[in-house]
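There are two complexes below, and they share chain A, which is joined by chain B in the first and by chain C in the second.
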Partner chain A sequence: MLDLLPQFVFNGLLIGMSYALVAIGMTMIFGIMNIANFAHGEFYMLGGCITYFIAAKLNAPYLVAVPVSVAVVTGLGFLLERVVFRQLRLKSAMSSVLATIGLGLILQNGALIFFGPQPQAIPTSFSAFPLQLGPIFTTEARLFAVAVTAATLVLMYVFLNHTLYGTAMRATFQQTEAAALVAIPIDRMRGITFALGAGLAALGGALLGAIFFVQPAMGATESLKAFIVVILGGLGSIPGSIVGGIFLGVAESLGTVVSSAYKDAIGFVLVIIIMLYRPDGLFKKS
Partner chain B sequence: MLSVESLSCRYGGVVALRQISLTIAAGEFVALIGANGAGKTTLLRAISGLTPPYEGRVIFNGQPIERASCAQIVRAGIAHCPEERKIWPHITVQEHLRLGAFGRKDTKEVARDIDRVYAIFPKVLERRKQVCGTLSGGEQQMVAIGRALMSRPKLLMLDEPNLGLAPLVVEQVIDVIRAIHRDGTSILMVEQSAALALPHADRAFVLENGSIAKQGRARDLLQDPDVKRAYLGEEKQGRLIQDPLAKDPLATTR
Partner chain C sequence: MAFSRNLDPRTGLFLRWPVLAAVLVALPFIGLTGYELHLLIVSAIFVILSSSLSLIMGYGGLLSLAHAAFFGIGAYTSALLFMNFKFSMWVGLPAAGIVSAIAAICVGSLFLKVRGHRFVITSLAFVEIMRLIAVNAVDLTRGQMGLPGIAAPVITIPGVGTIDFASKTAFYFLAVGGAAICVWTVARIVHSPIGWGLLALRENENLGESVGVSAFRHAMIAFVVGAFFAGIAGSLYAHYTGFVSPDLFFFSYTVTMLVMVVIGGKATILGPIVGAIAFTFLPEYLRVVAQYRLVLVGVVLLATVLAFPNGIVELWSRWLRPAFLRLRSRDHAA
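Up next is the complex of A and B:
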């Protein structure tokens, strides 16, 4: 049993990193717009479904389909912020939250009409043969997903902490009015944040879609998972989302050792425990 | 330089400012005093674009700015150092100053201005790699003023820069504001305590219930019996709480 441990941790890492991709966007949107975006998992779904469409229906290579689908969803996020959320900004926060729920339904059912309900596999040129790395069995697609996700998380970190624009974005999360008073364009920051968050989620869907299946219903679970991760990591904390995502992924993976039927319950149990003892999340600086 | 004409502001249906008119000349130090809720903060917010006015005009160097965005107003030359400092808790001192110049394109000059701010506030230089949430209240206030200076304002608006600071720190902050004024920046300072603001100002306005109740030369207002009673705390019925331990009997604590 113990010799399988590295395998479970690796599997958990893969899933956890995709949770992190979705959760970072969710937590950033929460931080800058004060909206719990219940439609966020749908960007993950769209990332997967559009990648499938481009690779399977338009016969483009997977490595082309991924960036194109991420770009499409990023653009969609930008547009949605402009058309929907900017108009609702002066209304109560509840109208924005309700709008995200409605938006989620529209995106999910729109995808259902366009892509159909059946699970699809994204065609890739990766070899289906398992690779052995020490005690871990994996595939090229999985290694690719882990590498791209890790690189993206590092890039996000560098952007947010070591560029003027990223620092301005963090400033806008932390104290929006003070940011406005130093000529940071708040509206543009919101648009970019929403678009970036949507794009990151789409990347998660495009990468995991090549390993598992894609289908229009997959976004809803992802929203819930991202929500758990955001709570685990502390609302608005980006490093918290990364660590929280990996933590949840590994915990779920190790949980399957005990019972795979209860895999999805593990996250919720963790959240209840953390809410009881660390109500600000695991990593929130007070 | 700045002229506010019949400015009114509302929050929902509540009128916060009623037909305010005032002017500030280039190089002037103007104090705005009044009790809590008199509308002092709202006036600054209306000028800097945070709370667009309901009616009236704001003219800065000949340009109407009452409908301009915060960013446009900062670039026009008005900096607003907001109440309660509003620093970013997880961002370093150095980054605060750099972000203060976000609207500027002259990167080399920005670096020079950061050094100038450190020269004014040597204490925060020691803390430049520290995130601002870990600083003392006085240090945070200095970072907030430094951040506002980084946009190279022609008019610096300060909202109760002495709030919650120890008397000794209050003195330092006032000294710095006077130095900034000496260097040619116009100052509009909001204060609850007339004793803190009036001795340094050229002119002053007293705001009561959203309207200007009194205005004039600061030194005249210091002698005004109504101002003395209401804002100097002489008869202990003003809003000031005397601190028996303070070195300066007029310094206030809250």
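Up next is the complex of A and C:
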């Protein structure tokens, strides 16, 4: 059993990194707009489904399909922020949650009409043969997903900490009024944040879709997982959601070994406990 | 009392109770098909769910995504009592309400201490946990296979004979009776000091508390009464369809209830009733455009939140009714 441990950790890491990609967007949207976006998992789903559409129906190579689908969903995110979310800014938590539930219905069922309900595999040029890296068996597609996600997370870090836009974004995040006082264009920041968040989730869907399957129903589950991650890491904390994502992925992967029946319940129990007693997340020092 | 004549003073809809009751009693006998009668029964069950949810989210201002959990708990309570102990619905129905209410007291005493997003997310986590229990506690619930064969009750009245509620006409009266009791109870609470307290707290919790209205106690009353009726609805559902499964805890049930309440009008008595009936019948008659149905529901939900936060009932009271009255007064003048 113990010799399989690295394998489980690796699998968990892979899933966890995709959770992180979705959760970053969700936590940024919460932090900057105070909206719990129940439709965020749908961007993950759209990323996967559009990649499938481009790769399978338009016969484009996978490596072209991924950036195109991420770009499309990023654009959609930008548009939705303009059309829908800007209206929700001053509304109550109840209104904004209801609106995002409505948006989720539209996106999920729209995708159902367009792509059909069947789970589909995204065709890639990766070899299907397993690779062995020390004690871990993996495939090219999985390695590619881990590498791209890791690179994206590093890029995100650099963007947020070492560029003007990133700094402005963090400022808006921390204190919107103060950011506005120093002439940061708040509306534009919100648009960029939303588009970026949607794009990151789409990237997660495009990468994992090449390993598992894509189908229009997958967004709803992903929203729930992302909520758990965001709450584990603390609502509004970007590093928290990365650590939380990887934590949940690895915990689920190891949880399968212990009890596969209730492994999903652990996350939800944690959510309740944290929401009630540690609203800043697991990792924040009180 | 004013509200015994007006169903809801805010909507200004003047409904005479005897007329309404007569219509409801006559409905099964005007030659409806079995299918239409079925839809009426389902509507009545959803009226219970949406009215009780409206008490929590409309008047209490608490967006609970856990209402489907209490619906499911009620359905499972009734089903398990029937399967294991052969208790009929006459035991199962009150038991379902009471078990759901007790569950609501337990989770409420934890969850109702937080508000806003934190409450929304905890309530969502609770319903997911309940679903996972229903799926995984196979010894008790038979997991995904569900519990089939839950019979409708039979009642023998001396001198009248035996009524078997397996007949749709008989069950219709049971479901409509349940819905009427639920709507009446919610209306009584809303138009009582508890209801005024709820409204005060919804508008400004700090101010309400400062004049001595306990937010926790009021939220708890709304939450527990709502859960009690959700449990009753669950029991009716179980004995009507004869089958319960973990699907009852699906998010889609929660969304259905939310849509009925929000689009109907969330802090009104009439709104959830209109919403429940509309969103039981419309999807059935929109089967022609089946695949666009849920997209449409999403669009309407989004549009309602953005443009008519108080639902379609407000559309009537704010625009249609004044226009109608203006038209009538012009006729009188002429």
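Following the convention adopted for this analysis, the second predicted complex is superposed on the first by the 270 of 286 C-alpha atoms of A that agree within 3 Å, B and C clash if a C-alpha of one lies under 4 Å from a C-alpha of the other, contacts with A are read in each partner's own complex, and residues count from 1 in each chain.
Rule of thumb we're sticking to: contacts are C-beta pairs under 8 Å (C-beta built on N, C-alpha and C of every residue); 3 or more make two chains touch, one makes a residue touch a chain.
Everything quoted here is computed from the prediction, not taken from an experiment.
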First, second, both or neither for A:164, with chain B first and chain C second: first
Touching partner for A:121 - first (chain B), second (chain C), both, neither: neither
First, second, both or neither for A:9, with chain B first and chain C second: neither
If touched residues of chain A are counted for chain B and for chain C, the larger one: C
Partner chain(s) touched by A:220 [first = chain B, second = chain C, both, neither]: second
Touching partner for A:68 - first (chain B), second (chain C), both, neither: neither
Partner chain in contact with A:146 - chain B first, chain C second, else both or neither: neither
Touched partner set for A:178, first chain B, second chain C, both or neither: first
Touching partner for A:103 - first (chain B), second (chain C), both, neither: second
Which of chain B and chain C A:262 touches, first, second, both or neither: second
Doubly contacted chain A residues - partners chain C and chain B: none
Complex interface listing, chain C residues touching chain A: 57, 61, 63, 110-111, 113-114, 116-118, 120-122, 124-126, 128-129, 132-133, 136, 251, 255, 258, 262, 291-295, 297-302, 305-306, 309
Complex interface listing, chain A residues touching chain C: 30, 36, 84, 87-88, 91, 93-95, 97-99, 101-110, 112-113, 220, 224, 227, 231, 235, 261-262, 264-265, 268-269, 271-272, 275-276, 279
Touching residues on chain A, where the partner in the complex is chain B: 164, 167-168, 170-171, 174-175, 177-186, 285
Complex contact set, residues of chain B against chain A: 48-50, 69-71, 74-75, 79-80, 82, 86-91, 95, 98-103, 133, 147-148, 150-151
